[in-house]
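After this come two complexes, each holding chain A, first together with chain B and then together with chain C.
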Partner chain A sequence: MEEIWNGILRAVELIVTLNPEVMEITARSLFISFTAATLAAAIDIPLGGLIELREFRGKRALVDLIQTLYGLPTVTVGLLVFLLLSRSGPFGSLELLYTPTGMVIGQMILISPILIGLTISALRGVSPHIRDTAISLGANESQVIRTIIKEARFAVVAAVLIGFGRALSEVGVAMMIGGNIRDYTRVLTTSIALQTSMGNLETSMALGIILIGISMILNLSLSRFQGR
Partner chain B sequence: MAFLEIRNLRKSYGRAQILKEINLSVEKGEILGLIGPTGSGKSTLLRLIDLLEEPSRGAIILEGRAVSGRPEKERIAARRRMAMVFQKPVMFKSNVLDNVTFGLMVRGEGQAEEREEKARAALQAVGLSGYESRDANTLSGGEMQRIALARAIVLEPELLLLDEPTANLDPRSASAIDSLLQGLAGGRTAVILATHNMMQCRRLADRVAVLVEGKITALGESEAVLGQEERNGTSGWKVPGSDLPW
Partner chain C sequence: MFLLALITVSAALSAADEGRLKIATTSSLYDTGLLESIVDQFIEKNDATVQIPSHGGTGIAIAAGQKGDVDLLIVHDKAREVKFIEEGDGLERRCFAYNYFYIVGPDDDPAGVSGLNASQAFKSIMESGLSNPDQVKFITRGDLSGTHSKEQSLWKAAGYDYSAVNTSGPWYVDAGSPMGATLIMANEKSAYTLTDMSTFMAYKGNLTLVPLIEGGDELLNVYSAIAINPEKHPGVNCQLANLFIDYLVSPECQEIIGTYGQEQYGKPLFFKGEGNCDLMGCSAEECVVPTQAGCAQA
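This part shows the complex of A and B:
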């Protein structure tokens, strides 16, 4: 018990003294997952809009499939992306394995079902009269999609925040694709795993507290958003 | 060749035939009143003309060319010559100015300042000057209806479709809108005014089509058709308990 208490004190010390390594790992974690969430949003939000707006065969099955992929096991995505990026894989020549770029790609894949699915749900909440009004005023397909996304903006931003949170807290892709390389691909989650296994509980706890803190802030802003 | 022609138009939802063999034509500078009881198919007909839905049979013809049943690109081009005010208008989650400039923006008309200037003029025309920065969704039903009208007339459409545009308005605003519509006519706009208000129809329409259960039962000069309807109620659609004058 005392060990835990001391660990917490030391962890807080590492945080308030802005320990360079802790800060760097935190910044890298935020940067990689923010990049993944932003790029995924740029693709997935319009894609969700297109799926929601168009009528085509198999639409319901597709939406169902997307929703079943929300809980995609992170290690499975890690494995899949590993196979794609490994030297003998189809994208091996790009040499993205064990790079931050590889991690961004992996996290984008991981959170895309959530982003697309939650975007579709968000857009379903927009009245069909809004769609008719936009079309009647002369909007073309992409203008209609932009309009209904704008109408559902709070729910859509919430979807991106949820995706960002999932990317930030996952460990499978970060470990398998990033490889936890010091000063390069080491992020909060992989670092916590490593430090813990090395018995370095203080650093581990400091990073854990930071991760919890970020996640709490994220969820707070999320509930603020969803209240709108 | 009429500006707008509706030829042998039918619309069914499942097995329910909502519109049956509609034939109509409208010229620019003319207001065609479309009168009939609730449920007779007025809104459906306007939606078909605005190309929001495809007819089951027949065609919408603009200056001799069929615009229904065409690829979306052509339908957008045709739609951009029209404007519609829905029976229950909805506002985009934004201020009034954004709502009124929306159509100009998606149609790629003018620069931002130009669009704003036009929007201000349209707002003035519907009696809502000074509403520009108000949140459109906090307005009353009547105000929304007038914003919707401004949103349509700002486009200077060749064909204006109005679905009960004064239904939510108090008598004073309604008569203000009526005079605005009168001003529009005679110009380069063709107007179709769907209403169940015979008085309004009489005041505004040059010609009247009576729609009952999806069929046009009478069509002609306002006075003649409405007078006939009034005298012997041939269409038999007098609404029980209505305060309408016949």
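This part shows the complex of A and C:
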């Protein structure tokens, strides 16, 4: 119990004193995961729209598969991307292993099933009349997709925030692809793992509390945005 | 109702605690499989359950010991072991095995350390790294593990202040990672690193790194066992911990230690502590067989 209480005190101390190392690690966490979520959203939202709008064979199976991958183990994604980016892997010459860019790629892959799947669910909630009206007014496919996404924007933004939250809180990809290098790829989750292995349980706890705090701010702003 | 069930279940589960030994250890003894083979032999002779819930490194192992969450520490960082005992958390330190750290690096050895002693090599790596950080890099565990402690003492021996080394530039890469992950990173980056011999041997098949410096007093790596003090941490299983320590230093177990890995790697991963007390730099008391530490409860 003592560690939890001291962890809370330490978290307050680290935040109030703007501890430079913690601030830097937090900023890096936010930057990498925000980039991953934004880039993934730019690809996955239109892709989700396309899958939802089109009828094709195996659509049902595809959607099932995407939903299954919601719980993709982070270390498995880490391992996959590691093998691709390793010096002896197919993309080794790009030298992306142990870089923030590599982490962004890994996190994009990790959260894409969630973003695509939740976009599909969100668009299903849009009344078919809206789609039909748009089509009858002469909209082409991309205009229809844009219209229904706009209609379901709250749910779609929620999907992106959930993806961002998952990227921010995962440790498998960050550890295996980033390598937890100080001043370069060390983020909140890998710091927590490191501090724990060092036996610095209070600092570890404090970093966890900062991470939870960020998630809370995210959630509150989402509620605000949705006007609840 | 649920609470009642929970209490019943946990009572049933902890009934076995009498004969249960929990060990916190360093990754090298665990990842190479040595500790588990020793445990298997120990269980065969004694009616006991042995678990190794903490095997991430000396740092977290000591934290587990300080909280009384385990009964026995098996680690490799003399300075912190001595402090652990001085603070009343542990009983006695018993040296039971040793090997050496290696300085490993790329085959072409851009810092030219081959043939130097360990501290000279560190000096050379730092100088080359500062002037040519694209070619010469050193990866540090950076995790307060036993290996990281050894590395810090080598920088000191080379005449540097560790905090200055730590912030001196991009040639010095702080990986904050376990030994295996650090070796893989060094391999990917064609960098130098300090590793314990046994983990290196176990990973060698997947690495292009080669050992450049393999011996010398400076690279000595001594493993020791410490039972947790029941006076400070009532409830720890001190009897069983001492029994296990006695087994560790017994001729039978020493034989296991001294030959472990011979078949798989062509040479053993560890050396016997038996008869090597001076070499390991341990005092006579630290090599006494069997252990004299009592188990007075508070």
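The criterion applied here is as follows: the second predicted complex is superposed on the first by the 210 of 228 C-alpha atoms of A that agree within 3 Å, B and C clash if a C-alpha of one lies under 4 Å from a C-alpha of the other, contacts with A are read in each partner's own complex, and residues count from 1 in each chain.
Following the convention adopted for this analysis, a residue touches a chain if its C-beta (ideal position, glycine included) is under 8 Å from a C-beta of that chain, and two chains touch if they have at least 3 such contacts.
Not measured: the values here are computed from a predicted model.
Engineer: After superposition on the shared chain, which partner residues are touched by A:Ser197: those of chain B (first), chain C (second), both, or neither?
Structural biologist: Second partner only.
Engineer: Which partner chains sit in contact with A:Ser93 here, chain B, chain C, both or neither? Use first/second/both/neither.
Structural biologist: Neither: A:Ser93 stays clear of chain B and chain C.
Engineer: What is the contact status of A:Arg182 with respect to chain B (first) and chain C (second): first, second, both, or neither?
Structural biologist: Second partner only, chain C.
Engineer: Okay, in this complex, where on chain A does chain C touch?
Structural biologist: Listed in rising order, the residues of chain A that touch chain C are 86-87, 97-98, 175, 179-183, 186, 190-191, 194, 196-199, 201.
Engineer: Would you mind writing out the residues of chain A in touch with chain B in their complex?
Structural biologist: Residues in contact with chain B: 127, 129-130, 132-141, 143, 147, 150-151, 153.
Engineer: Can you check the complex and tell me which residues of chain B touch chain A?
Structural biologist: Those in contact with chain A are residues 47, 50, 52, 72, 76, 79-80, 82-84, 86, 88-90, 92-94, 102-103, 106-107, 151, 155.
Engineer: What does chain C use to touch chain A in their complex?
Structural biologist: Checking each residue of chain C against chain A gives 56-57, 59-60, 62-64, 66, 142-145, 173-178, 181, 185, 188-189.
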